[in-house]
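Have a look at these structures, which come just after this line.
Below, chain A partners chain B and then partners chain C, in two separate complexes.
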Partner chain A sequence: MTDIALKMVFGERAKYAMLVSGICFSTILMTQGLALFFGILGFSYATATNVRAPIWVVDPLVQQVGDNQPLRDTDVNRVRSVEGVAWAAPLYVGGAQARLLGGGATQPVTLVGLDADTLAGAPTKLVAGDVQDLRRPQSVVVAEQFVEMMQRLRGERLRVGDVFEMNDRRAQIVGIAKTAQGQGGASYVFTTWDRAREYAPSQRRMLTHVLAAPEPGRSDREIAQVISERTGLRAITEEEFKRMSSHWMLVNSPIPYVVGLIVGIGFVIGLGVSGQTFYTFILENTRHLGALKAMGTSNLTLIRMVMTQAGVVGVVGFGIGVGVMSAFFSMLPEGRAPLRLLWPIPVIVFGAILFICSVAAVVSSWRVVRIEPAIVFRS
Partner chain B sequence: MILLLRRVSVWASFVGVLAVIFMVRQTTAVEPMQPPPSVPARKPSARVIAAAGLVESLRENTRVGVPVAALVKEVLVQVWDDVEAGTPLLRLDDRELQAQLKTQRADLRVREAELAKARRQHDLGQALRGDGLVSQEETDTLRDSFEVAQARRESAQAVVAQTEALIERLTVRAPLRGTVLQVNTRAGEYVVPSGDAAPVLLGSIEEVQVRADVDEQIAPRVKPGARAVGYLKGDTENPITLEFVQIEPFITPKRNLTGSSAERVDTRVLQVIYKFPNGLPRKVYVGQQMDLFLEE
Partner chain C sequence: MSSVSSNLAANVAVHLSGVDKSFRNGDQVTSVLKQVQFTANVGEMVLVVGPSGCGKTTLLSVLCGTLKTDGGEVVSLGHELHRLPPAQVTQFRARHVGFIFQQFNLLPTLTVAENVAVPLRIQGLPLREALPRARQLLERVGIPEKANELPSRLSGGQQQRVAIARALVHEPALIVCDEPTSALDSATGHQVMELLHEVTRDRRRTVIVVTHDPRIYRYADRLAEMEDGRILRVETPADSVRIPPTSFSL
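Moving on to the complex of A and B:
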């Protein structure tokens, strides 16, 4: 009977193609929307993506990565004094304004000041230059986006060795790094902590984060907890920090709301299209099913056949859908499109497709059960 | 035909699922955490107190001051000069006092002449008194004049001595044996006693010590007498074992680590002094920053 069911599905090429493409289309719609949603949430913690450390120590009031509440300079040593901490390094993150010499181009940047001793948190993916050169006077490592933006404004491409200005101070590029883009589109500029004090608009306290790592054999979470207890500051693991930021953005920013709305509509439309497509398919096959019933096939077998058809169409449509979408994703420029395909996304979409196909199958089964075999002889 | 369609679509779907698995891995891949580009300073043991340290010369550096606001006439030393106690460092402009000294010396000569005259008259009076040619009253008057002249000369001498002392004071001398670490003034510049930067910074660099700043919140954990391990800034691979010297009894507002003058006090620190062991492999300079780990 399964054979017959499959023959019904594959039998008519046009119908099959329509069925599969319908489900394929909804898969793309749902997957893409969800990936976009999580990608946009990822903007909220771009700093934690670009500056890596197992443990982040921040002011207890901080609720997200972009919230730069100053700490006291001595807090680095307080964190360092906690048992189980292998190392702790100061970090400054703040906004600054970059200006090309001779004017003509200016853009906001996110300035990152790294510990000069260890360069903890320095970018790892450099397209040009060397991170160690950050120890040279007036040196900075800039993000690739910075170079691209300046190129759009000024027409010429900045290279390693070129000079620009921040806060009326000279900054020489010693490296260009691949980084994730932050909220608001400011690109990242890395320098040492002491130098960041000169480049950044003057503030009373210039320590915004303390980066730390546990000693080998101790877990990040455990040590973060110890630091929080001992210092009264908030120490959290990188993962928690990111999650906290996503959550904050989800609750406070209008962007996830807007995107979520679009994604939600996409999801509903996707479900509707696939359900409807499958239902139409069953409707069109009512006559065949009627014939089978007339030949004495039991209702149960018929329902099983419809379910099999739903499953096959769902699986094939989903597979092709995610394939097409993956191809599409891979064509987008790396790092620019905010798409994050978390593993639960395809799983959820697959579940949703199967669910809607089975709902459509159940609804049509009800019809199949009520079919009078005589239908074959009508029309 | 049916078989072909079936095969193609099923394969396409299979490939699609593989592709999406690949994409999931690619878009959500978190790079493994890299250690910092340079090895961070290693703690000597699990329980330590971390502190920021500043290298200074033994018994601290002397910020040699000037007694009065004046122009600098001459700078007599340069950095790295070893000086003994009393070695002149600076000469300040003394023209005004020299001018006064001239009139005061002239005045002294007048007083001396007057004294000589009074003495002669007094001696003469004494001699003639013996002969009975002068009355007792006249001799007394001559003696009084002689004594007044003497006192006047002494007063004039004192004025000259005072001015000379004031002139001498304009030569700034080293108060102790040491090395000139900084010279912050040049000939012709104006220096004031309460200036921010001392004109000359003096210290002993043969023996240096390090001053550790411990945040007051962890200060109770500091154990007097315990040793410390220090790393010079920029060198996290060569630990230096330091000997405890003393704890400063007074908690002070945080001073070093940043060096910015616009900084306001937001914490206070306990200062602990440590001394370097003998025979350091490398030179340690006064003013260098250190990361310290104090043993508990």
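Moving on to the complex of A and C:
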């Protein structure tokens, strides 16, 4: 009887399209809401994505990646001397203002100062130039977004070898890197730690983070713990740092409300519109279901048929919705939009769609069970 | 599957005695069947006639097991429907009853052959086994070439032929028809009745037809006249209006 159930759905093109598009629309809304959610979270911990290190050591008061609390310069050596630490390097992360030569408006950037000896944490995905050239005087590696931002400002595209200014000092581009976009839309500029001192607005202390790595055979987690105990600083793995940041955003930012609204609307549309459309579909088929019932189809079989119909509509609608969304996301410029289609998203959305279809199927089944077979004799 | 009443003659297909049925509409209770006595013998075609609203359809629903009575006994093909749990009544219908409705009630998204196969599918037969038998039946009702059409492409008379094929495909012992001709014009109605008469005549099959179309009275072996929830009388139509079964051909 499954094939009969399916033909009942597929046979009525217009209704089938209605049912599927409701689920599809709901899938799209929820997917994009969740993608926005993960995207914005990604923005919030972009520094930990762009500067790679197994262990991050920060001030104990720091609660999220974007909070750059200064440390003492001596903290690098304190971390380095903890047993089990393979290496430790200083890092500066802070705001700076960039300006093209010849004047014009300044643009905010996130300035990253790397340890000049090791270049620990330097960007790995360069589209032009060479990270090693950061060792040359007055050199910087800029993010692709920086190039685009400056192009919008001035019309010309910056290339490797071009020069701009930060804090009235020359900065020559030696590389262009692919990076994740950061909080507030500021793009990343990488240089050495010493040079960051010149580019950044003057500050008393320039050390914001210590990057570290465990010796071979020791886990990041374990050594982070040891560093915390020995130094009284907060040492955490990259993953923990990101998670901590996400958590902070969830609790302190309006993101959950914005995203919750979108996902909620998607869910309500799915449940309300698709659920109701499905129920209407069953109502309109009451006569046919009644005929099947009169001819001796059991309630159990009819319920199975209804479940099959709801299931098929759900899976097809979901499939099209996710397909449309992944096609759409693949067309977006990389790293620019705060949208990330991570694997948990389709899983979560599928769960929601399944729930919607189950509710629709259960309510409709209840209706089907109550159909009097004798109605088929009424005209 | 159910107890067989031993005190009924072997040639009795359907026996109702003292059947009551009323419907409640808010505070208002309408008594539709009042102590109905009714018998149909094996192999007979019985027409149930009477004015609109007298309870014909309700009687038909009760004797085929789509409607529960309030009281009385309903014994169909030896099954005491008034005693059986609902699931077994459903099974009874699936195995033993063929249905023909005024509005045909074909599934619009299934082909003609698939529609005819439905009773076999309900009994659990896979499509590939059910379809050939459905085609045989379509041949028998004279529209084999329509097997792969959708019902909406067929005329009313053709649709009712499909319904007849569907009512016969699982070889039920009881066929119930509610106003099978009233959605059809007179000529088509006669053709359908002739077909129904012909295809049911060669089996020991009981056919009960509810109608208020006097033009088809002559197909009846017996005519049960109903009025206000009671069977007034059962008579055999005059020989002059009855048509000998041998006069049909297809």
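Quick notes on this structure:
As a convention for this text, the second predicted complex is superposed on the first by the 371 of 379 C-alpha atoms of A that agree within 3 Å, B and C clash if a C-alpha of one lies under 4 Å from a C-alpha of the other, contacts with A are read in each partner's own complex, and residues count from 1 in each chain.
As a working rule, contacts are C-beta pairs under 8 Å (C-beta built on N, C-alpha and C of every residue); 3 or more make two chains touch, one makes a residue touch a chain.
Note that the structure is a prediction, hence the values are computed from the model and not measured.
When the two structures are aligned on the shared chain, A:D3 is found in touch with chain C, with no touch to chain B. When the shared chain is aligned, no partner comes close enough to touch A:V127: not chain B, not chain C.
Once the two structures are overlaid, the count of chain A residues touched is higher for B than for its counterpart among chain B and chain C.
By the touch criterion stated above, A:V251 is placed in contact with neither chain B nor chain C. In the superposed pair of complexes, A:A374 makes contact with chain C only, with no contact to chain B. Legend: residue contacts after superposition of the two complexes on their common chain; A:A291 is shown touching chain C, with no touch to chain B. When both complexes are overlaid on chain A, the residue A:R197 reaches chain B alone and has no touch with chain C. Contacts of A:L261 after superposition on the shared chain: neither chain B nor chain C is touched.
By the touch criterion defined above, A:A327 reaches chain B but does not reach chain C.
With the contact threshold set out at the top, residues 7, 10-11 of chain A are in contact with chain B in one structure and with chain C in the other. Against chain A, the residues of chain C that register as touching in their complex are 57, 60-61, 66-67, 87, 90-95, 97, 99, 101-103, 105, 107-110, 114, 118-119, 121-123, 127, 178-179. Taken in their complex, chain A has these residues touching chain C: 1, 3-4, 7-8, 10-12, 287-288, 291-299, 301, 372-374, 376-379.
In the complex of the two chains, the chain B residues touching chain A come out as 1-2, 5-6, 9-10, 12-17, 19-20, 22-24, 26-28, 31, 33-34, 36-41, 43, 46-52, 213-215, 217-218, 221, 233-234, 236, 254, 257-258, 260, 262-264, 266-267, 269, 291, 293. Taken in their complex, chain A has these residues touching chain B: 6-7, 10-11, 13, 16, 20, 31, 35, 52-54, 72-78, 80-81, 83-84, 86-89, 115-122, 124, 131-132, 135, 194, 197, 202, 204-205, 215, 238, 315-327, 329-330, 339-343, 345-346.
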